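Chain naming follows the written order as A, B, C and D, and within any one chain the residues start at number 1.
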Amino acid sequence: MISKVVSGPDEAVQDIFDQATLMLGGFGLCGIPENCIASILKKGTKGLTCISNNAGVDDFGIGLLLKTRQVKKMISSYVGENAEFERQLLSGELEVELIPQGTLAERVRAGGAGIPAFFTPAGVGTEVAAGKEVREFEGKKYLLENWLRADFSIVKAWKGDTAGNLVYKGTARNFNPMMAAAGKITIAEVEELVPVGELNPNHIHTPGIYVQRIFHGKNYEKRIEQRTISK
Amino acid sequence: MISKVVSGPDEAVQDIFDQATLMLGGFGLCGIPENCIASILKKGTKGLTCISNNAGVDDFGIGLLLKTRQVKKMISSYVGENAEFERQLLSGELEVELIPQGTLAERVRAGGAGIPAFFTPAGVGTEVAAGKEVREFEGKKYLLENWLRADFSIVKAWKGDTAGNLVYKGTARNFNPMMAAAGKITIAEVEELVPVGELNPNHIHTPGIYVQRIFHGKNYEKRIEQRTISK
Amino acid sequence: MLDKTGIAKRIAKEVKDGMYINLGIGIPTLVANYIPSHLNVVLQSENGLLGIGPFPKEDEVDPDLINAGKQTITMMPGSALFNSAESFAMIRGGHVDLTILGAMEVSEQGDIANWKVPGKMVKGMGGAMDLVASAKHIIVAMQHCSKEGASKLLKSCTLPITGIKCVKRIVSDLAVLDVLPQGGFRLLERAPGISVEQIKNATAGSLLIEGDIPEMTI
Amino acid sequence: MLDKTGIAKRIAKEVKDGMYINLGIGIPTLVANYIPSHLNVVLQSENGLLGIGPFPKEDEVDPDLINAGKQTITMMPGSALFNSAESFAMIRGGHVDLTILGAMEVSEQGDIANWKVPGKMVKGMGGAMDLVASAKHIIVAMQHCSKEGASKLLKSCTLPITGIKCVKRIVSDLAVLDVLPQGGFRLLERAPGISVEQIKNATAGSLLIEGDIPEMTI
C-alpha cells in the first residue's frame, strides 16, 4: 500500500491556509493532536474555524491557538475551563456555535459518510431548534441537522501504520474516528508508527482510506484536567 | 455485570412470535446465525418478516425458513442463488422489498441509533425513489430514507462475553453490528463464550448494551458459496 | 431535608439489577457510591465507555482514560470502549435504561432547564440535550428551591430549556415526585422531617397529593 | 474488438498509484489481474474489507473471509475490516477513488442500467445503486452492442436504471468513450481493428468525434 508518512507535524500542516475549517479530535484534553496544534501555533495560520468538542484550557490544547487569536470561530458542545476563551467571546472577538454533543458527533459522522442531513430528537423545543425543520416520526418530534465537513481533520491515535490505519486507546478515541472520515485532508499523529501488516485488521478503528498523512508524534504531555484518585 | 447467557438457541428464540420482524446478520452465508435459524425452523414460527442482506441458498441459511414457508416477507439487497425463493416470489406467496445495500446498512444503523430518517443519494432517479422525498443539498439530489428496527435481532459473532460484548472475525462482521443495535431483543450466538474481563475493551465491535441474550453456538458448518482457490 | 448525599442515596434506590445508567456531573455522580453491591449495573460515560470503574489509585492513573467530567477513571471487567458517535447512538437509540442528571428548573410538563443562565457565561450543553431528548427514564436530582426560597418546580421554566416533556421523576432535598403524563407533579414521598405543607409551599407548579404521603427511607 | 480480458486490460491502464478501488462482479473483477505491480492500490470489498488479496491457496481458505461476490479471498498486509455501514459510509462519503462496474445500458446523460431486466427474475441491486450514486469516478466495462447487434450506448436507457448522470467513462469491446458533462459520448480510442465508422454505427446515443481517434494500446 502507498505510504502516507510525512516527516512530522510541520510538514503535515504546511498547507493549512488562513480561514480554513479544521476538525480537531479529542474530548477535553484527552486524545488531542498536541503535535499539530504546536505546529499550527508556530506557523501562525489565522482566521481558523475549529470544530472540536471542547476548546482546551488557557495554556493547553486549542486554548493555545485562542491565546494567539488564530481562531475566528469555535464549533463545540462545551467550552468551559478557559478564561481567555470567555474574554474573547464576551468582547465579540470570537464566534461560538454550541451544538449538543451527540448531534455534533453525528453531524461529523454524517459528513464522512456522505449523509447531508438526518433527524435527531436532541434540542427539540429549545433554542437549538431555531430555524430548523421539525418533523414528527411515530409520535415524537425531531430536528433536521446537516452534516459537518472540514478542509482538514487532525486526529491523534495511539498506533498507526504507514497506510494510515489507526488504533486509539481508552477514551482517547472519542471524536477522532468520525473526524478522520470528515476531512478533505486528514492528518493523523500517532504515538507509535508501524509498518503495514503489524496491526491486526480486525482491531483497526480508522481504516487508512480516511487518512492522507500520518506521522510519529513526539513528546506527548497528555495533561490531565481532573486528576481524581481513590485512596 | 449481569449475565445474559442462555442455555442455547432453543431458549434464545423461544418467545419469537408469529408475524414478528427479525433481523438476521450475515452477508451471503458468511456470518449468519446458523444455530438460531435451526431453532426457529424447529419451532415453526410463521409469518416472519426477515430483514437480511441476502436470503440464503436453497438448503442453507434463511433458505431453510423459506422452504418451510415460515417467511412472509424478505427485506434484502440481493436475493439470488435461491430457486425456492424465486418460485415463491413469482407465485406471490412471498413478499420482497429490495433495498440498496448501503441504504439497508444505514437504515438498520439508524434504527439502532435513534435516527428516524436520513438523506442518501442511492436510488435517486430510479424506481427505488418512488414515493420518497427528494431534496437537493449542495447541488446533488438525495432521498429521505427511514430507520429499520426489529422485534428480534439475531446475530453471529466470533467471540462474546457473558455481558454480551461481541467480537466478529473477518468479513463475517458485515451487517451483524448494526443489527445487534436495532433489535428490541438482540440474540447473539458466538463460537467462543468467555467470562467478562477476557475481551480487550478496545477490541469490542458490539458493546454488550445492545445484546440481551447470548449463547455458545455449536457445530458451525460455515458453508462456502464460491470456493475460489489460487494455484 | 436531604443533603446532597441524602439525595444521592435516595436515587440509588431507583436502580435495578442489570441497568445501563448514565450519571450526570454533580449529585448524580455521587449516586454510584450508594448502588447496592449485589446489583449488577453498568455505568456509561458518554465520551466512549461502558463500565466505569472506581477512580484509579495513584499508580493506575491513565490520561487516556477519563469520564465525561474529565476525571481520571478505571474500567470494570467487561467494559467496552467506543467512539462518540456510537456513544450517542446508544443514548439516542434508547439503549441506556436510566439517566440521572441535575436541573436548575423543572416544569410541571416535564421540561428541564439545566444548561444556561442568561447573563452568565454560556459553557455549552455538552451531552445534556441528547440525554434528555433520548432517555427512556430520567430522574432529576435537584434542590427544590433556590437559595432565596423561590421554587424550582414550576408551571413553566423561566430559564432556557434543555429539553421538553422528558423528566419522569424528581428527587429533591424535600421530596420525591413524579411528573404526570398529563402534566403536574405528583408527590410520592417526603424527606425526613418535612411536612406535606412545606412541600406544597415550595412547589410553584401544580401538585397532586393523594392519600397519605410516606416519609422516605434511605 | 476486445474480448473480456482486453477490456479488463484497457481499464487497468486507468488505475493510478494510491487509488482505493471498488471492483464490481464480472469483467471488473478481472481488472485486478492487470494492474501494474509497481502501483500501490487498495481494493475495497463492500461487505467490509479494504485490502483484498489474491484467492487463497487450498489450505488458506477461510469461510469468514469472502468478497462481495461471495468468493473466498485473502487479505493484503495493511488491510482493515469493518461493518457494512462503515463500508458504505466510505463509498457514499466519496472516499473510494474509482469504481469499476458492468452495465447493460448507458445513456448519453451518463445514466446506467445494470440491475434489472423486466420479465426476468429480479435478484436485487446489491450495492450497485449506492456505488453509482456516490462514486467520484465511475468506469463502466460493457459490450457496446447486444448479441442481436442493438446498441447499448443509448439516448436514454430502456431498462430500469441503477443511477442517473454518474458514468464518466466507458470501456467497451469497441471503444473508449467519455460521457460529456452536457450529455453525449465522446470517442477517445478505437479498439484494435475497429473503425470510427463501426463505432458510429454501434452507438445510438449522440457521439462526438473530434480529430483523429487513435487505436488503443493495451
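In the analysis below, a residue touches a chain if its C-beta (ideal position, glycine included) is under 8 Å from a C-beta of that chain, and two chains touch if they have at least 3 such contacts.
Since the structure is predicted, the reported quantities are computational estimates derived from the model, not experimental observations.
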If I rank B-C and B-D by number of C-beta contact pairs, which comes first? B-D
Cα centroid separation between chain A and chain B, in whole Å? 33
Please tell me the distance, in whole Å, between the geometric centres of chain B and chain C computed from their C-alpha atoms. 35
How far is the middle of chain C from the middle of chain D, if each middle is the mean of its Cα atoms, in Å? 55
Averaging over Cα atoms per chain, report the distance between chain B and chain D in Å. 29
Can you tell me which residues of chain D touch two or more of the remaining chains? 49, 81-82, 88-89, 91-92, 134
Can you list the residues of chain B that touch 2 or more other chains? 106, 109, 113-115, 120-121, 169-170, 202
Pairs of chains in contact here are A-B, A-C, A-D, B-C, B-D
Could you pull out which chain D residues touch chain B in their complex? 45-49, 54-58, 61-73, 81-85, 87-89, 91-92, 111, 121-130, 133-134, 160-165
Parts of chain A lying in touch with chain D, wherever the complex brings them together: 1-2, 109, 111-115, 161-163, 165, 181, 196-197, 199, 201-202, 204, 207-210
What does chain A use to touch chain C in their complex? 27-31, 53, 76-80, 86, 89-90, 98, 100-106, 108-109, 120-128, 158, 169-178, 205, 222-230
Spell out the residues on chain D that touch chain A in their complex, using ranges where they run on. 17-18, 20, 40, 42, 44, 49-51, 75-82, 86, 88-96, 134
With touch defined as at the start, can you tell me which chain A residues reach chain B in the complex? 106, 110, 113-121, 135, 137-138, 140, 142, 146, 167-170, 202-203
